[in-house]
Amino acid sequence: MSRAMKDRLIWAVTFLVMLIICLPGLWVVLSAFRTNGEILTKPAVWIPQNLTLDNFRAIFGLGENVLAIPVGSYFLNSLVISVTSTVLAVVIGMSGGYAFARHRFPGKSGAFLWLMLSRTVPGIALSLPLFILWSWIGLIDTKLGVIVVYTAINVPFTVWLTEGFFRQVPRDLSEAAQIDGCTPWQAFWKVEFPLARSGIASAGIFAFLTSWNEYALASQLTRSTDSKTLPVGLMDFTAQFTIDWAGMCAMAVIIIIPALILTFLVQKHLIAGLTFGGVKG
Amino acid sequence: MTRFRRYARDHAVPLALLSPAVLVILLVVLLPLLFSFYTSFSNYRLIRPDSLWDWVGFRNYARVLGDGDFWSAFGRTVLFLTVALNLEMLLGLGLALMVNRITWGQRTMRTIMMFPMMFSPILVGFQFKYLFNDTIGLVNNALQSLGLASEPIPFLVDRWLAFAAISFAEIWMSTSIFAILILAGLFAMPKDPIEAARVDGCSNWQVFRHITLPFLMPFIYIAMTIRSLDVARAYDIVDVMTGGGPAGRTELLWTLIARTAYDDARMGRANAMAYFSILLSIFFTWFFFRKLMAARRHLGAF
Amino acid sequence: MAEVTLRKIVKSYGALEVVHGIDLDIAHNEFVVLVGPSGCGKSTTLRMIAGLEEVSGGEIAIGGRVVNTLPPRARNISMVFQNYALYPHMTVRENLGFSLKIAGRPPAEIDKATDEAAAILGLADYMDRTPGELSGGQRQRVAMGRAIVRHPDVFLFDEPLSNLDAKLRTQMRVEIKKLHQKVKTTIVYVTHDQVEAMTLADRIVIMKDGHIVQTGTPLEVFERPANTFVATFIGSPPMNLVDGVVAGGAVRFAGDVSLPVPPAFRGRVQEGQRVTYGFRADNLMPAGHAMTGIGETAEIDLTIALAEPLGAETILLSELAGVEIQGKMYNPRPVAAGERLSCLLALDHAHLFDAETGASLRT
Amino acid sequence: MAEVTLRKIVKSYGALEVVHGIDLDIAHNEFVVLVGPSGCGKSTTLRMIAGLEEVSGGEIAIGGRVVNTLPPRARNISMVFQNYALYPHMTVRENLGFSLKIAGRPPAEIDKATDEAAAILGLADYMDRTPGELSGGQRQRVAMGRAIVRHPDVFLFDEPLSNLDAKLRTQMRVEIKKLHQKVKTTIVYVTHDQVEAMTLADRIVIMKDGHIVQTGTPLEVFERPANTFVATFIGSPPMNLVDGVVAGGAVRFAGDVSLPVPPAFRGRVQEGQRVTYGFRADNLMPAGHAMTGIGETAEIDLTIALAEPLGAETILLSELAGVEIQGKMYNPRPVAAGERLSCLLALDHAHLFDAETGASLRT
Amino acid sequence: ADGEKFDGYTLRVKLIGGAQYEPLYTLIPQWEKATGAKVEVISRKSHFELDREMKQDIASGNIDYCAFSSHTNFAPQYAVMNQPLDDLIAADTIAGFAPLVISHATVNGELMSLPRHSDVSNLFYVKSLYEDADNKARFKAEYGYDLAPPETWAQASDQAVFFTAPPNRYGTHFAGKDEGIAGRFYEMLVAEGGALFDDDWNPTFNSEAGVRALNWFVDLYSKKAVPAGTTNYVWDDLGLGFATGNVAFDLDWAGWAAFFNGADSKIGGNVGVALAPKGSSGKRTGWSGSHSFSITKQCDNKPAAASFITFLTGHDAQMLEARTGLLPTRVKVWDDARAEFTAKGDSFMVEVFDVWGQSMAEHAFTPPLIPEWGEIANALWPKLQAAILGDMSSQAALDEAADEVREVMEDAGYL
């Protein structure tokens, strides 16, 4: 088999696998354009009979007798919270990760472990004390409050992840930069940061998606349209006795699309062989 | 004190670099933790604020220790963690390797790969709750339409099927996280040693086994550690899909704790449980941390 | 039997062609040295033979079998990479033994082979270090060791000794020679070291800009360079080249200097032909510091611009017809800049090239 | 003013001490070449001067100021790394201009400086490639270029030319020399190339196992090696060393051969003293192929074991008192193995060393 | 309350959200206009979410709002913050509500909330199945009595088994987890003549009546007359399941009525309604409660809050909700709504209102109005599930549950 053929075959197989993985998700997306009666029924309706935008209309309050879900402000809240906390987590994480990767100091592995352990606390043990603490300092139902919390839950792993990637950047490169007159900060920013950017991008993606999709804590710390995020808004579709699954799916699509776009943009920084050709040996 | 001051002076740079991380964690994790630690010794009930001062000593712990439901949830959680983490790791590794091989349209493929990551855990919960529903669920419908099953399969009821179903949902949601982290690790890999290994007579598998994998191990362990802590997010999924039921068949520590804390409003007892679950997480973390350090040492100066 | 045959091998990176259809037949057990200026395509050629770089055009055969699409492991080769390509996560011992381990050899055999290689390479003290803890030269020796522990059909060496000191390099050269004689393998060897090229090669292949310019035994390429490029590339310092015009059995240069047409070229040039006159520093020496028995000589008076003492000999820089030339003073004495010396040129070792094409006028 | 002073510099990696308290004074504008066997601590020493490696003990001063705790950027040095350490994410142009950009120079100046360096290094065609798309030699040239675009107080070069072909290396050598004369900086240069060491150095420092063994001008170390290590390390092929016993104005070797005590050592040895007799291949030549004017000679008959033709000369391998020795045949003719030749040894260039310590008996 | 003005005052409220609840809020601007006050909805969530939020508010003392959505079954938990309404709401206003509903909203003799709408379950059934002659004949042959909507739970059980034909049809289904199954068990317990507690708050549900009540579920499950997944079902699953026509009859609240009989349902036009069956004690099941509005003790303008909740439970407001099938709490609204349906010719909705009206008036009862109801339910339902799934016997399950409930009651200081 020629190499080109083999490449194509691998491509096709991968594509197939991806498709299978995506199926459950695609079902959700498709459901957004169908009616509840058609999705959840027996016998199943395999071929959608009538695709409709009603679910979306309802979300925006265009249907009859339904109050619009304030998607606009949820969206904005989600965006502000996720982006800010991601940036913060990545910056703080990078700074910590760099310290671990490049500096020697006594108690280093202890600190590293400690940082990890901070993640072991289940949300439940945190959420109520956090709530009380936050209400004392007036952070309840504010975007800032959520941002701080998300930053904290994302920091440990942005630290570890970026640490791993900074280790992969040959030390000689930052040395060369320092010889070239860089301050350690310049050496970091101009040489090590660009070379570790695969890792930083993946940490960023991970942090962003965690914040974007987080529900448990947000559902407690947010109260109103001032701070409620999209996943919390998703629960607007579950009333006491009913769940509007099709509506939820429509909302899901609204949640997924921006995340998809943002991830697509960020992941262009996942690049192979960034350090190739830099050092010999 | 002077020793501390000297330490601070000698290592000012790393300490300064680390301090934001430490601060934010102190604020968001440690302070609340102290509070909840205190409450685990009280009969604190949310709806009776004054019960915060109702000190009960080790009663909560004693009760939790003697609670069969708690221990079966504990065991199930360990099993769930083990199964989900390992499968996610293996599948994620496979996906990452596959995507890494692709040259044409890789960025699009990567985005497709991350598709499940876009789903909020509660959404995933609902999604699989409906997919696995025994009467109107898509899976049952499909199996019956294809003639593979005549009776509806109670995915969310049968002891093992239900466990499999929640594991499946969790794995579906999180495999791509592994994949993307491992993929990034693959991208950071030097390619020289791979070429050398191929010349040294390695088959593709041997290259993977002897070169790629040792390089990836630190990344895999980091991902494992992150995830071992993060599967607590599975709470949302399980809560929506089965709520830990039926009859506690899918009860995990988190669902049990959450119900005790909020539905029962018995915060003190919930926090006692939480500290047991912290112990569990500490064990997992420490385990992976040791592995990580060993893998690092193995990679030497790299 | 492992002869290596390259047929019209082309390599392009995207639109950029860096190897332009080279043909080369390497016999079984031959020791071929590839030389050429930096960036001419030597490493690329080795990497194509190894199967690490896809061939953009042409055919590579090893032992008579076309290997274009075979993976490296199916080609049974060993390679020393120019950039070492050590396994950073393995100790020196593991690095050395890796290929044997992969081949499933018994541990005892592996230990024996690695210990042997380590002894040859002076690495015995470093066996348990990882590459990150080695000096540059030590790393290069590990790279070398990794190649020689095996018994492949073909050895590919890409500047394997460039970071070693002269003494070690001499030792290693001898070891490589021994290895070649002992295991009877085909060797393709890239080097920038003239001495290595001259002493090791059965045949030297000179490349330039992705083409092969000349192939021949070391003495052939040294004594009968096919063109001015080879003439200046082989031999150090490079051959002096001065443009002139043939006039009455001599070549006349600018500034009214002239030198006789060298014996080997008499009858091969025509009156008025524009030629390039070439001779090596070794063959231009101050009278009184010349060797005995050097055949026909011509005498030129030169003003010394700079004298570079090298120990046993001194390089003299001067100027002929506006071109900088170099001569050599054996058994040297101090020479001041500006001193005027009468020098002898050994005409048997002088060359004439076409002034346009640079091709030798010997044939 | 940038003199570099090392005082009892020690470097340890954990428990392993690799540099054992070296002392070295380098004058302003001096060109010092560091040589020594692979792994002896040359790179480590450079890296300590640069501030990349913490000093485990001792003091480093640049321009009179102790710099032990200063970061690299405060030392105003340029360095060529042995492993290049290029910025893989920048083009060649960006790599070259990086230090100037950091220093905040105007773009026009940066362009000018990089273009100039690129021209010198023959990199003009590759300015927009990244290091990954370059050949080994091209990468090394970029590393070199990065150092020379600046005007630092001290240049540190770690084997900067090892991957270049002879011709380019000669050119580069000249460029470095020019640079040194032009900008009047202090240079510390590590090389394994004897010619480089000899031609470039104001002073050569020879290291071994983390110690300095000898310091001196190139001719000094070549002609008056302080001990057998330097004698064999400097000069290629290495000096021949044969152990013997002083007996009546001559040194008697095993197998009843003897050679006269060299003139410079007469009166410095005692009857019966055990010595090592040293002479270089350059100074042992077949009669009839010898140079003129080589002073006092001794004659030995040698059986040739192997002849290695190098072009202008041929290395002859033979044996004296059971030790392998090398001689040189200038203006060579073919020699068959086993041929017996009468050779001349130029006694002015022979040495005697203490057989025990290896120290020269000259002083 | 009419005519009062609260110009410039901003009333902060927390309201239950969700599709069924929100139409009411479209009336809020009217109240704002009438009183000159502004309403700021600071939270709008489903009730379970809201419940968590309340508890957190109580815990943190962070109560900076005036009115909130409550539920009669949950209300006792909010005692710390809940303002009794007796002095705030005019007696004649209260008199307009159904007395039973008002009694459900009264804890320890104090009115804690104004009920907004009620819920109680009755039977929906697929008419065609019951009218099919063949079914009738076969049923009679098998069980010896005529096929008609069940009067007793024993009959219901027979019919469920009779109609079952998996995978396409099951006899019935029930909410099998959370408060759903606990509440269902509780009403069955009552219908079987049992009680959760004795007068001293000792748990007594592990009595014979309790076992009988639980066995009703266990039998159906073991005979596969309910979908196997029913143990995971909550209200939405029941509604969706019945609407697909997979289930013969369904005990459910009135809120689904319009949906079941509508275009999105497979059984539209084919739905019959009947009163919930009786247990062996002759009592009908009637687990009930009302969504309601309450005022906080911390409220800085209680009259405004009172005016607001009175407005939202007023006649017009309830008419609006009744039109969508929600059960009003005002007596007059029952009649007016029924009249309106009659006028529109919607006989199905008229029938629904008749049936649910009767059950609200005669059979509805609430669980114990104590804060621990949630904990009790949580102690109960996993054990009930275990019995239903066959993991343990009914008696053992109830005994274990009783132990846990006893612990709860002890901790809470009842015992």
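Going in written order, the chains are labelled A, B, C, D and E, and every chain counts its residues from 1.
Going forward, a contact is a pair of C-beta atoms (placed from the backbone, for glycine too) under 8 Å apart; a residue touches a chain by one contact, two chains touch by 3 or more.
Keep in mind the model is a prediction, meaning the values are calculated, not measured.
A.B. asks: Starting from the defined contact criterion, work out which chains touch chain D and chain E both, please.
C.D. replies: Under the touch definition, chain D and chain E have A as mutual neighbours.
A.B. asks: Which chains, taken as a pair, are joined by the highest number of C-beta contacts?
C.D. replies: Most contacting pair of chains: A-B.
A.B. asks: For chain C versus chain E, what separation do you get between their C-alpha means, in angstrom?
C.D. replies: Measuring from centre to centre gives 94 Å for this pair.
A.B. asks: Whole-Å distance, chain A centre to chain B centre, using C-alpha means?
C.D. replies: Taking the mean C-alpha position of each chain, the two centres sit 15 Å apart.
A.B. asks: Express in whole angstrom the distance between the two chain centres, defined as the mean CA positions of chain C and chain D.
C.D. replies: Computed from C-alpha means, the inter-chain centre distance equals 21 Å.
A.B. asks: With centres defined as the mean C-alpha position, give me the chain B-chain C separation in Å.
C.D. replies: Going by mean C-alpha positions, chain B sits 59 Å from chain C.
A.B. asks: Residues of chain C that contact two or more other chains, please.
C.D. replies: 82-84, 86, 131, 133, 136, 140
A.B. asks: Touching two or more other chains, which residues of chain A qualify?
C.D. replies: 40-43, 128, 132, 184, 235, 243, 273-276, 280-281
A.B. asks: By residue number and range, which residues of chain E touch two or more other chains?
C.D. replies: Residues 52, 56, 59, 61, 167, 240, 244, 246 of chain E each touch two or more of the other chains.
A.B. asks: Following the definition at the start, I'd like every touching pair of chains, please.
C.D. replies: A-B, A-C, A-D, A-E, B-C, B-E, C-D
A.B. asks: Quick check: in the complex, which residue numbers of chain A touch chain D?
C.D. replies: Spelled out, the residues of chain A in touch with chain D are 170, 172-173, 175-184, 186, 190-191, 194-195, 273-281.
A.B. asks: Mind listing the chain A positions that touch chain C in their complex?
C.D. replies: Touch list, chain A to chain C: 2-3, 280-281.
A.B. asks: Report the residues of chain E in contact with chain B in the complex, numbered from low to high.
C.D. replies: Listed in rising order, the residues of chain E that touch chain B are 52, 55-56, 58-59, 61, 77-80, 166-167, 170, 176-178, 227-229, 231-232, 237, 240-241, 244, 246, 371, 374-375, 378, 381-383, 385-386, 388-389, 391, 408, 411.
A.B. asks: Using the touch definition from the top, list the residues of chain A that touch chain B in their complex.
C.D. replies: The contact residues of chain A facing chain B are 7, 10-11, 13-15, 17-18, 21-22, 24-25, 27-28, 39-44, 46, 91-93, 95-96, 98-100, 103, 105-106, 108-109, 111-113, 115-126, 128-130, 132-133, 148-149, 151-153, 155-157, 159-161, 164-165, 167-168, 184, 196, 198-199, 201-202, 205-206, 209-210, 212-216, 230-231, 234-235, 243, 245, 248, 252, 255-256, 259-260, 263-264, 267-268, 270-276.
A.B. asks: Okay, in this complex, where on chain C does chain D touch?
C.D. replies: Listed in rising order, the residues are 13, 35-39, 42-44, 82-83, 122, 133-138, 140-141, 158-159, 162-170, 192-195, 198-199, 218-219, 222-223, 232-238, 280, 282-283, 288-294, 308-313, 315, 330-331, 346, 349.
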